[in-house]
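Sharing a structure below in structure tokens format, with a few things to ask.
Note that the chains take the letters A, B, C and D in the order they are written out, and that residue 1 is the start of every chain.
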């Protein structure tokens, strides 16, 4: 773990650095940015570029890194928050997992008691397979966190205050729906065995990013068949109608060749076009992985004018922009 | 009862049982409960070595657990220990059976507050609550310290076993649906084992 | 294949388009860029972002796409060249594989005969496992092609003429050395079976990107052990001495979690630092893949002042810059 | 000999043998030789349907193969066919045995020029060259067209078999080192089968 983090900071020393006094915190090299709401994220490792790959200009300011699939400590979270705090409060923006929530809540208490730093928390909960729409806030957070980072990051960058940034993050989250499929399990190194077994000719629909079970297990399906199973579900979930505008994210969970993601993207586009849903922007690649899991997820993000603007605002992290971006 | 002595032997207690805890957690979680509890035990032993009073130990030990073992059980334990430390009057020396009751009750309350779980959600609470009730009953009957712990352990044992029939409603295992049914909750089982170990300790047998 | 390409163009319609009259050619949306030397690349598919992911500003202008692991046709190559030609000739820049060479040579003949378009060819040959340094031009081209694209692309962008751009590409190639390791084979879809078998506890050092055999097969090694095997070989190959400056590329072949690539990066940095070789810039990620192969490669690129400048010049492709870059 | 008739039945010939060609190529290449040759055969049959003369057929057929089958064998065949077309005098009608010799020689030369391989490098040339030599010998002996082909086929067969003992020095298989030894070269074997098929065709047996 620590070797991995050192490898990252060594790769991008002009853009990232360790939190002073805590080797599990990574923050923007130029943090704290004075006068800007700071955004902190964090979670278990094994999902790069989630979470730490989103530290950068126009995105988040710092990240706490836990062991594989486990929460970082509240103390790391508090330390990150202290060192990115630019005087206007800190937004905790992270995926909806129980262990992370407990630690972030505790960190918020520590910061309030000991440092007088204001925090708000928004948990991303976009996995439609984990709970119905009317209880969407109890969903797990998966790849759709990308859209929350991007829009909340842009909101903070343009000078919004803490409440506004949190509102954007919440709005983005409530308008994002994701569904994933897996062809193989992931192995948690600590346990050494796959979280569960999938046959060579089987796949699981709705699988979580730690190998949590999905909705159903089926025979292997083609990209077209998967899209036909997933896209209508997302459309329904977001109540999308003809003329609505969305951003599309086709995300690979680690062991899926990019070639296959683009085939999936074609099928997703075809289905959306059939429903006359307008595609404002498309992202295809590895935005949230699960160790060596083979699979992919499709996220739709229902846009409005403000969210479009925030989505298009400049941003930069060494994980998503090889050649820089701002 | 000498809290320092208990604290010092916690790592040994964890070593003996960590494999079972991991195993139970693996069946319906991520298999790290033993690791978590070992880290917590080590942190508590280290904290005891430098703590002046039991109150300090609980406060500083809780903070150390928070850092060393940030998984669900770790953080719940950590918060609960800190809360218990705060609840004890500063002048507390060795723990009386009444003090012990206060510690247990405060811890259970803090676990409920922070974790948001109820009895029946298939957590450590499903062993902890019945244990505390048994302890309190015994206290009214004026049982001796080791008898109190033994009585609590017995109650915890029965109720931990009963978690096998429960459906998990919180934490990681709640996502597992079918895959987790029929299994004892690891946290509940740990709770029983801890009481049993404390009973042996108090009776001088461990 | 064609579904995949459609999925790509649909994802990035503002940056890429199909070559008119040929669905296997993909070019910059704004091609031809008048007054600039055009760069064309191409090769078999299954290696994304190689090759087509390097089409973009500051990189290459167009790409011909073959079937999995097989060359595109000379006619596609010629058609791509015609539509990116900005009046100052076309550089064919591609990996050194026999089938590709034959087709690019034929395309050059066609363009000269039928269109009067001047071409030069540079083949990237950086895989140290495939031939000794004194015959480096017969090496296979692997992940190091990234450096040739980047520097030649920048050279074309700043207005260099065809000979100069080719010289930069050749210089970059001759100063790049790569060595890869594989933990699993890749399966060519057409054949349906892995190119070869590797045991669970084995790895192959020097493996090519189509599963060509390497130098030796060993027990699984740690990142540190791999780096100790690979880095000294690269240092020797490039005759690197204390004070020399390099760029580092740690590339994942598809099924390797990014976490592991960063651990490898740390080890590579440590060994270079020990030799007092200066690391000017680092790239870590998937820059050239091999379907679902698990493995990684390390490339070193020996820099001079001009190459440093070209490496740092702005560039943008949707595959490497999620948020744009120029 | 009716070149159109030959052209039209090429796809059938390829269908019958493509599995073997794929198999041979898989052992030391990427297993697509049968696919390549099938695509080439189809392209040549289509080109014949619209070509006015054998020369047109070779030129247009070569271009079609170039597009349809850009793998090593495809591109070598395509270039060789175009070169052969250019070498034939425009007025050529049906192919005489002399014309056939010219076609074969031109093709072999173009394959060497473009592919850069020599005899002994374990390629199609290792069957093609001996076949052409046998053909030329037979021509000096004034053998009939089908006898010439049969003689060439026999030579190609022997020499194709001998490629099993060669080490590949070019193309994809040259990277395979050890892994490719002991196997017949797929291109050479195809070359032999083509001669045999032509001999049968000419004798009216296929």
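Here is the rule we go by: a contact is a pair of C-beta atoms (placed from the backbone, for glycine too) under 8 Å apart; a residue touches a chain by one contact, two chains touch by 3 or more.
Since the model is a prediction, treat every value here as computed from it, not as a measurement.
**Q** Counting only Cα atoms for the centres, state how far subunit A is from subunit C in Å.
**A** Those two chain centres are 29 Å apart.
**Q** Could you please state the distance in Å, as a whole number, between where the Cα atoms of subunit A are centred and where those of subunit D are centred?
**A** Averaging C-alpha atoms per chain gives centres 56 Å apart.
**Q** Averaged over CA atoms, how far is the centre of subunit A from the centre of subunit B? Could you give it in whole Å?
**A** 34
**Q** When you check subunit A against every other chain, which residues touch at least two of them?
**A** Nothing qualifies.
**Q** What residues in subunit D touch two or more of the other chains?
**A** Counting only residues that touch two or more other chains, subunit D contributes none.
**Q** Thinking of each chain as a vertex joined to the chains it touches, would you call that graph a line, ring, star, complete, or other?
**A** line
**Q** Name the touching chain pairs, please: which are they?
**A** Chain-chain contacts present: A-B, A-C, C-D.
**Q** Provide the residue numbers of subunit B that touch subunit A in the complex, in ascending order.
**A** Interface residues on subunit B, with respect to subunit A: 22, 26, 30-32, 35, 63, 66-68, 70-72, 75-76, 79, 114-115, 170-172, 175-179.
**Q** Quick check on the complex: what are the subunit C residues that touch subunit A?
**A** 3-8, 10-12, 45-46, 48-49, 53, 58, 223, 250, 254-255, 257-267, 269, 282-286, 289, 291-292, 294, 314-316, 319-325
**Q** In the complex of these two chains, what residues of subunit C are touching subunit D?
**A** Against subunit D, subunit C makes touches at 66, 69-76, 97-99, 102-103, 105-106, 130, 140, 188, 190-191, 196, 208, 210, 212-213.
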